[in-house]
């Protein structure tokens, strides 16, 4: 049973990683990256590493998306002004 | 005394924390003094420890019990501590050089620049003295992170941020490849210390794909740092655009630490019966080294952006370091060590002199600067001397190092002489154009990086900045001393014998065996070595003279090679992936 | 076969899998809704895993998701969603799913755990999850 | 099953490198780099797993319990921090690149050539 | 490189790397095996020193030097971000306008903030006992403060964010870690040696220096993340201009 969970979680992680790479728009990629982070947290937990899972949650759920989206916002703002 | 070894990392870290914590209230002069002081103290500590011989320190007091420990070991053997001392001395020189260098420090962060340099020092020293694979990765990343930030320091301009990005992407990727390799080694041996991993591999020799893959992956990260072909693309982009004092560190020691990492891991982990066969490693270093040396030299000759030219010369000399390592003998390794010492002095001095040019004329473009350096005789002399040091004119340390490193194969001297002549000749050409106004201003039509940089310094200086020139002069004197002091060469020889001793390293670290270094022949100048050095210096002069008279064919032959250096992050990543494949092919190449 | 772990596997396949699919395709609104759904279900997955492995220490993960998950969704709602693009598809299912799934997981867990500090923690997580679910739904649907 | 977790780690690394190499947007490239890094976490933790083992945390379990390897977990923890900080620094550089070059497409960065 | 060449080289490189991976993985010890010599020693050492969370013991005691490097990386990257995202000479700031936020959301933010803060502090404080520790808790604490931005508005965040103080906190955390290491030297032992009494297993004060180092890391991480996000927020919301160089070139 434990192995089944490991396989499921790792499959989820692999799928999320692939999806994160294939989503070329950075803002939308950020959503997938956040799911990748959540998936990794589950995978770490089923691999009996809750400490790592916790830090992945801390980094992946709000911090990284916030940084990426703020970057995207800044970058788009700059571009928009350039066109005017 | 050994237990003070971790302080070579802790002191700069503490200095950086102090500079950031109190930076708001700190006048600039205090901040810069604190930076210099911390760097100098670390240098002193490293030198004291170096004088005492090998220092082994188990951080946290976790000494091994029956050869096993749960802690991290720092191993200050003579090569590691020597590099830490070199790094610290160079950092001190750089901090003196950049006294009031930048026009305005970030608002409210007067200490930011010295703090970053101190963190850089901590990363490099930590990497040099660690005896643990994962710890090496951590300090590798610390070096990297600070390196990216320092490279992109001048955010007002377009190029630095682009160069820093390429640096960041490629180096981080290389670091992760290394970490994957460490993971594989951990799976096989259940250990992380280099000595322990090496012992475990030898205990049950199984030279299988796992060991090869671990070797290739760990090496990938270090060779990215060392800028070996095809991992070298980031280096010219980063070195051309980083602030000049930072270039002195990047080219002077950081790249060499990549070579050191590769050599250290090879000798401590993979050189035993359970590792990678010596002839495979030899092939790998030889092919990669020769390719790197030739590509670097060819590209170096084509540049008009002086910092980029120097960056490519670093690439090509790194190639020669790798070639020197290929033999794997104590003598060739001692040659590489001397070469690295001499090169650090010469290259840092050349960058320092370039910084003076940039400070005065707001450009580092060979064409634009044509003849404009006539009134800067002193800088011109420094440039020319630096060029001869690169070319390997005896008695510079570079020449002695090359002489010792090239002797193990009959055709290697050809590569050494050619590469030294081309890179030295390129710098001499610049000297002739800029400081003598010789020939006509060169023109090219190819797509290339021009040297019209913004000045980095406070205001155009009307008087030559004395500290900057003094630092450059001192660095050149150091490069000269490396080749002129027999005691130093003797010490380096002993250091190299200990460095290449696979089993001896593990005995020192794990069994606490502190024998005297195995005796060996003292390496010193030979007539052949000196003659080859003179030959390459003469060739360099000739090449420069021909170039000034335009008697050489134009650079059209190199256009395809130049197009590969596209400034495109995606391309660089592609080459990194291809490089992993190339490394595996070289290691696994069926012999005979 | 441990029913708690089975439940976690079921939620992983039936809940997080489709969420990933929705988060990786379609418009911004649909993605944010999927992300929100994923964090809410993830919290329940952690609770079930903690019970299934018999490790109360793992409950801390659920506790952290219960506060950071909604925070993440609010980040997306604030910086990714268009203000005037209306209700994203699927958003109206968020509140019912949370309202049903949270008690359906937490109450049996409380019963098994019995009264004590651990139960209080479970109840707190459940409440945080409900509050977070309602708030994020509001934020996602505010358009 | 005996190699599946390792294979997942390898796949993630390759996919990340692919995305990084073909990316047309630097922010996306930073995301791909962090994907590639996830491979290292997965590999490390897979290496340290012990079947039937539980987390090496003894606050709620006897110290005689069979546990998985805590060392790789400490390594992965360090690695996660490294990943987050590198992401932050690279994003800062992307912000400045966008400002100074007016684009985030690596194909349109023309300053450093030859 | 042209697109086709790039894809070709990439395909070759990826295939070779994949082959390398596959052959190596086939030689790996099987997944889930029982042989973990270093791990077993680490568990033993941790229990001997009465630290219930072995991972924390490895992080802060046995391999504390790694964590010193890790915290320095964080410290360096925050400093690097501060330097890289500084306001350039050709840029100016503008006061951001507060955006409209639904009242329900605002209420949630004001309730969730203290709850998140408490949870973060709890995770830091129990680092040597249960999963968690300075890094994890520090991130949660920092995220808690930013609930003010994402659920209320940016000016509200600015009011509780005296940046200078957080920068000092970042430096103090880093310095505290370094100095605690030196304390081991001063006590006559090694750098970062665990020289304090180990206490009683499974209590808050167990583990000797582990809780102290843990607290130093918590302080540093929380402050560092606040400073880091502040630079991004200022760039995205306040700073304008900055393509002066581009315009001149055009």
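Should a chain be cited, it is by its letter among A, B, C, D and E, assigned in written order, with residues numbered from 1 in that chain.
Just so we're on the same page, contacts are C-beta pairs under 8 Å (C-beta built on N, C-alpha and C of every residue); 3 or more make two chains touch, one makes a residue touch a chain.
If you're wondering where the values come from, they're calculated on a predicted model, not measured in any experiment.
Trainee: Starting from the defined contact criterion, work out which chains touch chain A and chain B both, please.
Mentor: Shared contacts of chain A and chain B: D, E.
Trainee: Going by average Cα coordinates, which chain is farthest removed from chain A?
Mentor: If we average the C-alpha coordinates per chain, B ends up farthest from chain A.
Trainee: Could you find the two chains linked by the most C-beta contact pairs?
Mentor: B-E
Trainee: What is the distance in Å between the mean C-alpha positions of chain A and chain D?
Mentor: 10
Trainee: Which whole number of Å gives the spacing of the CA centres of chain C and chain D?
Mentor: So the centre of chain C lies 24 Å away from the centre of chain D.
Trainee: For chain A and chain E, what's the span in angstrom between their mean Cα positions?
Mentor: Inter-chain centre distance comes to 17 Å.
Trainee: In chain E, which residues are in touch with two or more of the other chains?
Mentor: Residues 6, 10, 14, 17, 21, 26, 28, 32, 36, 38-39, 42, 53, 55, 58, 63, 66, 69-70, 73, 76-77, 80-81, 84-85, 123, 126, 130-132, 135-136, 140, 143, 146, 150, 228, 232, 235, 242-243, 245-246 of chain E each touch two or more of the other chains.
Trainee: Would you please write down the residue numbers of chain C that are in contact with two or more other chains?
Mentor: Correct list: 53, 55, 57-58, 60-61, 64, 68, 71, 75.
Trainee: Enumerate the residues of chain D that touch no fewer than two other chains.
Mentor: 1, 4-5, 13, 17-18, 21-23, 46-49, 51, 54-57, 59-60, 67-68, 71-73, 75, 77-78, 81-82, 85-86, 88-89, 91, 93-96, 99-102 - these are the residues of chain D that touch more than one other chain.
Trainee: Which pairs of chains touch each other in this structure?
Mentor: The list of touching pairs comes to A-C, A-D, A-E, B-D, B-E, C-D, C-E, D-E.
Trainee: Taking the complex as given, what residues does chain E use to touch chain B?
Mentor: 1, 6, 9-10, 12-17, 19-21, 23-24, 26-29, 35-39, 41-42, 45, 58, 61-66, 68-70, 72-73, 75-77, 79-90, 164, 167-168, 170-172, 174-175, 178-179, 181-182, 184-185, 189-194, 245-246
Trainee: Going by the contact rule set out above, which residues of chain B touch chain E in the complex?
Mentor: Contact set of chain B toward chain E: 3-7, 9-10, 13-14, 16-18, 20-24, 57-62, 68, 70-72, 74, 104, 106-109, 112-113, 115-116, 119, 122-123, 126, 134-135, 138-139, 141-142, 145-146, 148-150, 152-153, 155-158, 161, 184, 186-188, 190-192, 206, 208-210, 212-214, 216-217, 563-564, 566, 568, 570-571, 574-582, 584-585.
Trainee: Inside the complex, what are the residues of chain C that reach chain D?
Mentor: For this pair, the touching residues of chain C are 53, 55-58.
Trainee: For the complex, which residues does chain D have touching chain E?
Mentor: So the residues of chain D touching chain E come out as 1-7, 10, 13-14, 17-18, 21-22, 46-51, 55-60, 63, 67-75, 77-78, 81-82, 85-86, 88-89, 91-93, 95-96, 99-102.
Trainee: Of all residues in chain C, which touch chain A in the complex?
Mentor: Touching chain A from chain C are residues 1-2, 5-6, 8-9, 12-13, 16-17, 19-20, 23-24, 28, 31-32, 34-35, 38-39, 42, 45-46, 49, 53, 55, 57-58, 60-61, 64-65, 68-69, 71-72, 75-76, 79-80.
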